[in-house]
Each structure stands twice: as structure tokens, then as C-alpha cells.
Amino acid sequence: MTTPLIVDASVHPYPRSNEELREWLPPAFRDRGIPDVELPWYQAPGGDHHPSTLGSGQPGSDPAEVSRAIFDEMGCAYAVLNPLTRGNLPDRLLNSAVCAATNDWLSVRWLREGNRHGCFRGTIRVNPEDVAGSIAEIERWRNDPMMIQVGVPLQSREPYGKPQFWPIWEAAANRGLPVAVLLNGGAGVEYPPTPAGHARTYPNYAAFVPLNGFVHLSSLIVEGVFERYPELVFVFSDGGSDVLTPLMWRLDSFWRPFRDQTPWVTQMPSAYVRNHVRFGFSRLEGPPDKVAPEWFELDDKSDLLLYCSHYPRWSLASPSDLPQTLATEQRARILAENALALYGLARPS
Amino acid sequence: MPRSSPPETSTREHRVCALDELPPGGMRLLPLGKFGVGVFNVHGQFFAITNYCPHEGGPLCLGRVQGTTVVDQEAVGGTGYVLDGQVIRCPWHQWEFDLASGRTISEPLRRIRAYPVRVVNGDVMVTV
Amino acid sequence: MEETPVRVVDCDVHPSVGLLSREELAAYAPEEWRDRFYGSRAPKPPRFNYYDPPDNLHSVSMRMDSFPPGGGFPCSDPDFAFDQLIREAGVDIGILAPLGGDEIDPAAESARKVGTNNWLADAWLDKNNRHRRWRGSISVTLRAPELAAREIERWAGHTDMVQVLVSPQVGSFGDPANDPVYEAACRHGLPVATHLMGTSPYERTPLLPVGNPSHWHDFMAAWPLLFVQHVMSLVFDGTFERHPNLRVVFIEGGFTWILPVMWRMDAIWKERRLDLPWVKRAPSEYVLEHVRCTSQPMDPPESGVAEYQQFLTWMDAGRLLLFSTDYPHWSYDDPDWTRRQFPEAFRERLMYRNALDLYGLPSTVPKVPDASFQPA
């Protein structure tokens, strides 16, 4: 029996300590305070990290340890590293410096020193609140083939379809880089995570927050961003493909009544998804095994999903978390083929 | 009361009104067919459509006739206005239909049932 | 009077006050608030327009053919509403949900709701209801739970008040501070319904966690995430354990999202049971038992209704849905069109049976004379 090909589309490396990241900050920002390396906005009771990732230090901070878990134990061929940063800091320039430091640290410690097997790839983290800084950062990494996507936080004070962000998406699209949206760590200036304010329990928070990605997605469509940048692809790494069908049906049904307000949307909104949107597979979503094969064919989800472990999160997934009932082809697409195609990764021999 | 499509029957020509009773921008609704037929004067040209929207069966002819918008980078708000007086919006969900083509403004195209109109000896005539 | 079986219950109809004068409106308000609301120094709320429904300047968010010929706002004339909705569209019973009456001060808002309830009962349920086709909602605000509970008690004995109605633009529904409202509702077997309404005269639109979109199009698609959060909160905060008879009706926010939300909650609950000792059953069980959604606006895909019907079957829509039109709003769904979108196996339940069960409605109503539709 051949081992299936697997690409892990979202792994979250951490610095060993605050000091380790600090070393990479530009001199002008080295004396600035930034939130702790380990401080998510909502912390999971019992720990944010999976027990198997707890060692002597910060989970996810040792390339060798992560390599063992992802490549040896889980059998992946590639892992896309997308590091968290420290929240939407009010000082956008400091925030951009943190992003740049994170990218430099990632490039050296993970994509060179820790990458002898050549299986890690990386994310250019940028701060959308600093448009010029984001574009500069994307350009700074243009010659590094290990950086295969741009990363932005899920948290935002404006939906990503709005025009102030367009130059960033343009820069990413011009470089052939997908944009990955990922729930960020840290403590920044953000609105409460649900439209009814804060969640009273962690499970409520964890269940709800990825759904905010749909607001970004629908604004990208309705503002005509995919019309402007035909090569642009957005990846919603935390998932949310489960609500794609219901909410896209709704978006489609209101297209004709509102067409006159947004004449640049020339197609049915759902028509934009196939070429422009991908989702991280999440084991904290449905469907149950019984309906999984049909469910994943609805709206081409088998072509949209990218398997992610989200190592070292408490909700760590493994390839066996895919529904058992999937057809071989569906499984192959979600485990690897969609990611190989999206990122232009060479098929391992 | 069910609002499904009317069955096919043989057609004949009906007098709508005198030409000067239907000026540009005007509409006459006649109790023809199952739901009525609206005859419109669009800048001197006449079009007739069934009073039934293909979406949920709303009384299409009671909607407002206006223009529609297009992308126009030169215009304020990047949006231009065209086809004035030629686009009818269903009074329910405001779907836009071009009276001249008998179809929705947007794709996928949906049609509305249209009827031939002509002017004969100063009378507007529709064949239903 | 000859009776006819109920076959269509419309669970979302919006009456408005129409051409009532300030004096007439004031007479419905609690006495101590009359001057503040309707006196010479009372502020006049501006006409708001946050997101523009299609052709809003002319249609004001209404079906353009729903303006009464005698003047006044759509659904302000009970006779014309009866003609359009009951005679013409074939609805047998309509559940009235008045919107508005929000204030910044919770006590003032409570007083507004009292006035709304007095008006609704008088103008629709008592005077214009000999045909027995209208039922009403007891409007209250979750922002003043004790006052809300009192108002529910005041109306609980009225035969035609069949539910409680609250704005969803408040904190999560599962907050224990809301318990007095749920207790009062459950004591009288009244479902608690919610419909987008506003937070105050100056805060009409929900604010989304990643900012608000520019256009109503995507705002319209995304705002039901507010309802999603309320469902999650009701389950994860143990509200249905504390109130085992509570039924919550989510009006006009769509419903297909409930299926993946049930799955999502079940998956997280299985992993995080230690965090939720008060959640004794799978979240999806709570949802199927306690949550209902109205059907309008239906959103079957253009590709055809087969996929939609499959989805409705997966989500056990036969239990969850209640038919609605949203008359007189522009996004109105016609009853016959709606019926055709439902899988045949569900049609009866969705068009009337679920509503009869939920609201304790009679299975027959006085017959009204037939009147064929005449083009205007």
C-alpha cells in the first residue's frame, strides 16, 4: 500500500523566547515593548497546545522536533510554516517591524538552518494596517523561493475587500503568492470576536471565530477584488468552508437585487470561489462521515480544501482526521493535490 | 392562489390605446393573459411584457422603470448610468430587466415573456 | 361561520402604525412617558439609511405594490393587508412582529415596547381580527430583563399574543442576565422570537468583528453570523438546560447555516467537554429541540432546487423551519413559490404544522369569501 502524499498547509512555528524574536527586530524598534511570544487573545483552558507538542520549551519552537512530528510521524512531504505575530498593535509601524523580524527569523532559523530536508516552506507575514510597509515586505522577499505565500491576521478592523488593502493584494498576486488569513496570536486592538460581543466560554469563541473569515471573503467578492486581480487567491487557514455553501447561496440570492450598487461584480458571486479561494481543513467542523463524500462535492469543496495540522495547537489534526468515507480521489486532493497545485510545489520523487 | 405560467392559447391582436394616450415613460396594464400584460413606451418605442416576474411571480409591470448602472472609471463613484427609461425593476425583489431585450441585466440571463407591439393608424396594438 | 383548515401560517408579518397622529400614538404609551416620547420637546428620530436596500429611496424597503391605496405605510391598513396577504397570497394565519421602538436608555425602550404592545393589541388583534387571522408578539427588550418579564406577564393571558419578540442586537442570548425573560416566556408557553431591529434610534446595524462591509449585498449575506453567535451562546452557556421548555425563533436570518453550525458545535463540544459541564447533551440535540428559523428569505441556488432540497433533508429542516413571507418587505417570499422549494415530505410541516404546534394555533379558521386576483 502506497503512503498517500500529504502537504501540511498550516504549521505555526514559535520563537523559543521573547528574546529570540527580539534579536531580529531592527535597531530602531529593539527597545520597544511587544506582547509576549505566547499570548493568544483567548487562551484555551488547559493549554493552547496539544500535549504531544509539550517538551522542555516553547511548543513549536524547535525545527527538529516539529520536523519529527510532521514529516516522520505524520508522513507529510511538505509543511507550510505560518507564524503567529503579536496582535494588531496600535502602532502600525512597530507591528510591521514585528512582521519583518518574524520573517527574518523564520527565513534563517526554519527555512535555512532547520530545513536540511528541504520540506519546510514559509509565509511572508505582513501587517495590512501598514499598506506601504506590507508592499515593501512582499517585495523584500521576492527572490526567496522558500516564501510561498503572504500571511495576514484574521482579526481586522476593516474587511479585506476594501480598497485601502488592494495594493497589498496586487503585490501578492503579481508575485504569484496566495494570501493566507490566519487567526493571530498576541493582544492587539481588535473588536470583540462575535457580532454579539464576547463569548462567555472558550468553546463558543473557538467555534465562532473562524466564521469571521466569511465577512472578508464576501467583501473581496462584492468589492470586485477578484475581478481586479485575476491571479489572486485567498486561503482561509482556520477553516470555515462548512458555512461556505449556506452563506454563498445567500450571497448569490441577493446579487440581482443589489447588482446596480456593485456593477463591477459581473458574475454570480459563487462563481469566483473556485479560482480565488481555498480553505484549511479543520477537524473541528462537520460533516459527519455519513454525508461527507456528498458534502465535499457540494460547491467543489474537495478542490478547495487544504489539509492543515495547525501544529502545535491543542486542536492538532492528523491526516487520519479526514472523514473515513471520502473517495480516494477526494482524499488525495485534500491531503496534497490542492496544495501542490496552489503553491506550485514539486511532486516528491 | 397559484401563480404558475399561463398555458399557451391562440393569439390575437388587441388595441391598447391611442398613441397619444401612452407617452414616453408611460405604461398601460391590460387584463390579458393570466396575469395581465403591461405595454411600455420607451423613448417612443413600444414593448409589452407579462405582468409576472420569473423569480417568484411578482407583478413585474408595477415596478419602476428607470436606468441601470455600469462601471465607468471616469465617473464619480466609478459608476455610470445608462439605459434610462428602459430598465424595469420588479416591485418585489427589484430584479432588473431590460424592456428592449426582455432579459435580466445580469447573467445568468433570465427572460420575461414579451409580446409584439405595433402602432397602426394612431393606435397602439399588442398581440397576446 | 364556516371554517376552513389552516394550510399556511406566515410567521413573519410586519405591521406599522401608518397614519396615526402623535396624539393617537401617545395614547398607547405609558402615561409617564407620553410627554417624553410625543410632547413638543420630544426628539424626532431621523430617517436612517445605513445600508440601502434596492431602490430604497422609492421603495423604502417595501414591496412596491404593498402601499395601501388609501395612503399610509405598507401594512398599516389591516384591511388592505388582509386583502393582499390572506385573500390574494393565500396565508391563513399571520403572526405580526412590529419592528422598532428602540431607545438608548433601556427603561425608555421598555416603555416604547409597552406602547407598541398596546397599539398592536388594539389596532390588529382586538378591533380588526373578527376573521381570526392575526396573531401578535409581545415586544420587550433584553436590556431590561425585569421590566420585560413584567410586560410578558401583562400579556400572557391574551389569546392572540403567541410569542415574545426581542431585538438580537444585544449581548449573547445565553447570558444568564436574560433568564427572567426566558422564565416568564416559558411559564406561559411562549416562544421567544428575534428579528433584526436596531439597538437605538441611532444604532441600527449590527457591527461585525472584522469591520462592516461597504455594500448591503455582502452585509446582507454576513449579518446572520449574529444569529449564529446567539445559537452558539444559547447552547454553550447552558440556557436550554436552565429553561427546558424554551423555544427560540430566529426570524429572517436565513437558516441553512444551522446545519454546519450544529456540526461545528458538536465537534468542539466533544473535544472541550471539561469546559462545559453544564452542557449535558450534544449541541445539535439542543438546536433541533429548542431552535426554530423562519424560511424567508429562501435562497435556492440558480443551478436548481435539487441540491437545496438535499441540504434541507440533511438539516432535518422539517423540524427546524417555519414558513414566512416577511410581508410587506421587498424580500417577500410568495407562499406558493416557497412551497415548491421545500422537499415534498416537509411541506405540510413547514407551511403550517410546525407553527400550529409551536404557537398553539387552531387547526381551522373562519372561511373568507373567495376573491380572484385582479390586476391593478
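Miscellaneous remarks
By written order: A, B and C. Residues from 1 in each chain.
Keep this in mind: a residue touches a chain if its C-beta (ideal position, glycine included) is under 8 Å from a C-beta of that chain, and two chains touch if they have at least 3 such contacts.
None of these values were measured; they are calculated from a predicted model.
Across the two interfaces under comparison, A-B and A-C, the one joined by more C-beta contacts turns out to be A-C. Put simply, the chain nearest the middle, going by average C-alpha positions, is C. Centre-to-centre separation between chain A and chain C, using Cα means, comes to 37 Å. Averaged C-alpha coordinates give centres for chain A and chain B that are 48 Å from one another. Residue positions of chain A touching 2 or more other chains: 255, 257, 260-261, 268. Shared contact sites, meaning residues of chain C that touch two or more other chains, fall at 53-54, 302, 330-331.
For chain B, residues that reach two or more other chains under the stated contact definition are 93-94, 108. If you check the complex, the residues on chain C that touch chain B are 53-55, 58-59, 63-65, 88-90, 302, 330-334, 336-337, 372-376.
Those residues of chain A that touch chain C in the shared complex are 45-46, 154-162, 190-204, 206-209, 211-212, 214-216, 218-219, 221-223, 242-243, 245-255, 257-258, 260-262, 265, 268, 270, 283-288, 291, 294-295, 298, 315. Against chain A, in their complex, chain C makes its touches with residues 52-54, 168, 170-175, 206-218, 220-226, 228-230, 232-233, 236-237, 254, 256-257, 259-269, 271-272, 274-276, 297-302, 307-308, 310-311, 314, 330-331. Of all the residues in chain A, the ones that touch chain B in their complex are 255-257, 259-261, 263-264, 266-268. Taken in their complex, chain B has these residues touching chain C: 1-4, 29, 31, 35-36, 51, 56-59, 62-64, 66, 89, 91-94, 108.
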